[in-house]
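Read through the structures below before going on.
Two complexes come next, and they have one chain in common, chain A, joined by chain B in the first and chain C in the second.
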Partner chain A sequence: MSAALTDERRDVARRRPSVPRTRRRGRNRAFLYVLPAAAVYAAFSLWPALNTVYYSLHRWDGLNAAEWTGFDNYAEVFTDAELFGSILHSLVLVLFFAAAPITVGLLLTGLLMGRGTRGMTTFRVIYFLPQVVPLVAVGVTWRWIYAEDGVVNQALRAVGLDALTSPWLARHTTALIAIGLVGTWCMTGLCMMLFVSGAQKIDASLYEAAAMDGAGAFRRFTSVTLPGLRGEISVAAVITTIAALASFDLIYVTTGGGPENATTVPGLLVYRLAFSYGEVGGAAALAVVLTVLILAFVTAIRRLTREKE
Partner chain B sequence: MKPRLPVLLARHAVLVVFAVVFLTPFAGIVLAAFQDGPGTGGFALPEHWTFDNFSAAWEQGRFGDLITSSLIIAVLVVPATIVLATLAGFGLAILRPAGHRRITGAFVAGLTLPTELVVIALYYNLDGIGLTNNYAGIALAEIALFLPFGVFWMHTHFGNVPREIVESGRIDGAGDLRVLKDLLLPISIPATTTLAVLFFVWAWNQFLIVLVLMQSPGRRTATAGLGYFVGEFSTDVPLLSAASLIVIAPVVVVYLIFQRSFVNGITQGAIKG
Partner chain C sequence: MKRPTTLAAAVTAVLLLAACGTGGTARQQPDEQEDVSTEITGDPVTLTVSYASDPPITPLVDGFTQAHPNVTIELVQTPFADYQTSLKLSLSSNDAPDIVQYSPGPMRSIVPAGLVEPLDAYAEAYGWRDRLPSSVLDILASNEEATRYGTGNLYAMPGAIQLVGVFYNKSVTAAAGVTDEPATLAEFEDDLAAVRAGGVTPLSLPALGIGGFQLWSSLANVLADLETFNAWVYGEPGATLVGDDGFVEAAATVKAWADAGYFADGAAAVADADAIAEFTTGETAYFVTGNWNAKAFADALGDDVGFFLLPGTTAGQPAVAMGSAFPYSISAASEHKDVAAAFLDYISGADAAPGVSESGFVPVTAAPDAVPGLGGAVQTAYEEVVAAGGVAPFANWATSSMLDTLTAGVQGVIGGTVTPADFVASLQSDWERNHS
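Up next, the complex of A and B:
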């Protein structure tokens, strides 16, 4: 990175020889302000990230000499049922962590922004609360809610639906969905908060004009609020999608990837492969694939929601 | 033109139902934490209210040590990240060295890098220089993790400061540092408060980095300690609930006190991105 910087600096000096000497020296001094942050970020974030990419091309147990294996680890990510399954699970989680919260968040925003709604601040504080607490604690809480004698089953029994009760996190068919719903619970408040702050910036005269044209509350929401929230929806989709794909804490605490690998996600396998099974290269390859997947999603979301000019 | 009463009532009813859904898990663990005996596991008022679960969780989970660790890491991470982010944001937005756009871009790119990508090599890198199992190692990892948002946030903040403020300082002959210290910092208190609140909560909640980098049980953070506690006492619901409340309480208190700063950080920080 430092090489790129000096190159550019030389470029600028060459292109604009008329810059006064003092000004140029001031520009060099400006680097001193950026340097400490850049150094820490480069040393403890970018450099390890690049190292992980390097590890991904090797077979390495973390102790002995690493062996160059080219793209073998990547081939394994896509052919090994367990590894590839974890990627599929994380894609399912996107529906629950991103799509569902955005939908519910829009609904809540519509209700909160409606004329005559009282207690806006209180509702917002409550809806946002799950976003504040550590996901580890969220996981502990929901384990108990989904337990055999937990709240969900208690409620089912209370209305006479005993037949439907189930150990939700322990069953192959329901565990991933159950965890997904925890994600919905966590992320909805974040989406709502982004949307409400965006909706408050929409010009009130747009609503009046729409009302004048005879648009009802629902029409006003779809034709004024929704287009006005394009940027916020884009940001919410990016944040929540990253949270889904890179999830770790919640799964680690609730199911540990079980039952029978039904809820494994890349983050969990990266941790296990690297630090329990001594397959650092495989873990690194999975982490790189996860990163590429995230970048692909972020780029796609940005493209899809870009303002057409 | 106000909506009619039934519409208003229906709307509030829906909002209240959602509020109940969001609060039920919290209410559930509060009730369970005060339960005497093993508890039924379901949602029920305790027959006998007791604080025993809290003292038991505190002792068995060594939460005194864990909370001390969390606070040490927060003290190492929060001020340092704010100082670094403020200096960098000032440099990039006001002084604008050559290539400042590219450098800003490199910081912003960090917002999308998953921790999973960094943490594998970070462990071996830090192990090589004796910084695993060490507060400083975790602090450096978290500072690097939070800097992209911090730099971006301060860059945006300084970028929105009217140019005249800086120019007026220049005319008075103030150097860069004087401009930052005497003119810009006094009007940046809300921006840095927001960062302080966000960084504290993020540092408190961070799990993966601590899990990987800290092996000594007594020096884990409260959040990481809770992660292990679950494995050991997975069936004792009242004990786990009490432990969770101990870990949750500090961040909830900070959130409720600094609610406005916190929400500003999330909404404005995200939107400008």
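Up next, the complex of A and C:
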């Protein structure tokens, strides 16, 4: 379909100076090609999204008559400690789901690129595996790993650090960090994959030139690899930040938002409000705030990583 | 300049269109009861039953269709979490099921929308209220706004009883030198201490799920005033848990048991399935839970598993325990309400009892023959509780959000971040937010 579109555009461009009527017809025909995809997009993405905005201005249980409440639901998102707390938790998760994996991913890329391509596939498979496992299975497994008699505590006991053992997911202070580290484990492989494939596209002569100028391995990484990976870093940051802010499944199976609401995230509360509490309006408002937050993050990331012109 | 205007116009148009999307689905409640009959047709009839929990529905359906061969019942199962979310949609759809498993959360919207049939005329025709204890039926009746139980119309009938009590692994307790079931709470605490002294974690407590609140509720049932608790769950105006120290004492007991190491330090991250595995493999001695787990326990431990009701402070205290039915409602849109009502009559009667007992639950009306094993122990306990008038409702029925408030609160109490008094206050503030 995209090929047809290009042809159409070329057609239009060729005829532009002499035959304006045909040009208009051509443009209309172009819209015709777009229509099926646009209709599906409007029906299944735009329409529900706008409906969500509409619901967020009401108190509605999903069944009986709705009551217009204006911006009350939004006010509640920012004043209710539990709702606002969930947004703060998701911001903490951004550090673990986005910042940490990108840092570690870059580090791994630097190490792998420096050593040439020997064993590269093995490394890639090992680090990418977490991406292949469904998050629900990942969550249940990590719940056991973090359990009182889980692998983490067994390892600590084995080296005599009994005093440090803790039921990690059951502690108010450690639960969110523990979940964040699961996110880091999941996302690092994805980031590394993106970065390695990006780094392989960087012209080898750049490295040679830098080496000839006397740049060491570290300098080559910061001056050649990093700028060359700008696009990949941007993509990785967007994907992982969205995963952090919109997280749901991992939390749902590991802590269910507990202990004592220490790990609630907006996604979890949207689900509870809409489907358990019968507060579709409040759920919609929180979802809209979450969407705006994600858009703000993505815009900021794209700005920061844009090529200088 | 042009784009924002177009966008604004589009958004306005969409909002106007969307305005048709809410509030149109509610059906009006019929002002008068339709004619009801306890005689059902002999013509072929097909009923659809939508449910989440199995057992007990399969033995109930098998028994009914055997007695009425002209009736075919189609079973549509949805996993519990999804069931809650889909019930409203399925009942308001054009091909609504005839019978649905009642679930308190969604019913708060479904009852006001008039999507389930009030059963009072059938209750009178069949004599249900004479036949069944009020502590089982009252919670299934509510006002038309569904803000208050125990008043107004009856909306569901029970098919089996679930009861919360203490299950124990006889060989583990015997190894710790505990020889008999405790008669008082103090004796039970001594037994817990004895098991702990033997190096075994006494209690399984899945506080990640519903286990935490069930331990608190069970303790509150024996330590606080039952009338106060009932009024609160039923949503009677002005009801409050604050003022009866028993509720705080129950939470303080949970904390004391946590500190004494009577259950795992990390209970707040232990899921139901993990706790069941611990108990059935003998890693723990006791499990305060409901008989929905009885079959799993009996299958794994055989005669080694026993059951008793959580005892009160004195030996003579009337038996009390949390219990509820597996209730079923009739869709207002059903074309075979008489047949559906005959099914509800059957499931709560003695004829259905053998099948229900076999599936691990307690029948609503007991069969004359005694049930062997663990099921028999639970049934005896249930009869004792009914005789004392002490079936307490589940605390999470109080409001739609109470389950999460209870779960989070008990986790806080165990972890020491919430004081027992603040925990009870948090329950009350949830209640007040939902009953304003």
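Basically, the second predicted complex is superposed on the first by the 269 of 309 C-alpha atoms of A that agree within 3 Å, B and C clash if a C-alpha of one lies under 4 Å from a C-alpha of the other, contacts with A are read in each partner's own complex, and residues count from 1 in each chain.
In this text, a contact is a pair of C-beta atoms (placed from the backbone, for glycine too) under 8 Å apart; a residue touches a chain by one contact, two chains touch by 3 or more.
Bear in mind that the values here come from a model prediction, so they are computed numbers and not experimental data.
Judged by the touch definition given at the top, the superposed model places A:62 against both chain B and chain C. In the superposition on chain A, contact of A:272 is made with chain C only, not with chain B. In the superposition on chain A, A:146 makes contact with chain C only, while chain B stays out of contact range. Look at A:95: by the touch rule set out above, it reaches neither chain B nor chain C. Residue contacts after overlaying the shared chain place A:232 against chain B, while chain C stays out of touching range.
By the touch criterion stated above, A:34 is placed in contact with chain B alone, chain C being left untouched. Of the two partner chains, chain C is the only one touched by A:170; chain B is not.
Looking at the superposed arrangement, the partner reaching more residues of chain A, out of chain B and chain C, is B.
Looking at the shared chain after the overlay, A:156 reaches neither chain B nor chain C.
Of the two partner chains, chain B is the only one touched by A:43; chain C is not. Within chain A, the residues touching chain B in one complex and chain C in the other are 47, 50-51, 54-55, 62, 143-144, 147-148, 275. By the touch criterion given at the top, residues 1, 4-5, 8-9, 11-12, 26-34, 36-38, 40-41, 43-52, 54-55, 62, 104, 108, 111-112, 114-119, 123-145, 147-151, 153-154, 185, 188-190, 193-194, 197-198, 211, 217, 231-232, 235-236, 238-239, 242, 245-246, 248-249, 252-253, 266-267, 270-271, 274-275, 280, 283-284, 287-288, 290-291, 294-295, 298 of chain A touch chain B in their complex. Across the complex, chain C is touched by residues 47, 50-51, 53-55, 58, 60-66, 143-144, 146-148, 166-172, 175, 254-261, 272, 275-278 of chain A. Across the complex, chain C meets chain A through its residues 11, 14-15, 18-19, 21-23, 25-26, 84-85, 88, 92, 105-106, 108-110, 112-113, 115, 207-209, 264-271, 274, 400-401, 403-404, 407-409, 411-412, 414-415, 417-418. Put simply, chain B touches chain A in their complex at residues 1-3, 8, 11-12, 14-15, 18-19, 21-26, 28-29, 32, 40-43, 84-85, 87-88, 90-92, 95-100, 102-103, 106-107, 110, 112-125, 140-141, 143-145, 147-148, 150-151, 176, 201, 204-205, 207-208, 211-212, 223-224, 226-227, 230, 234, 237, 240-241, 243-244, 247-248, 251-252, 255-256, 259, 262-263, 266-268, 270-271, 273.
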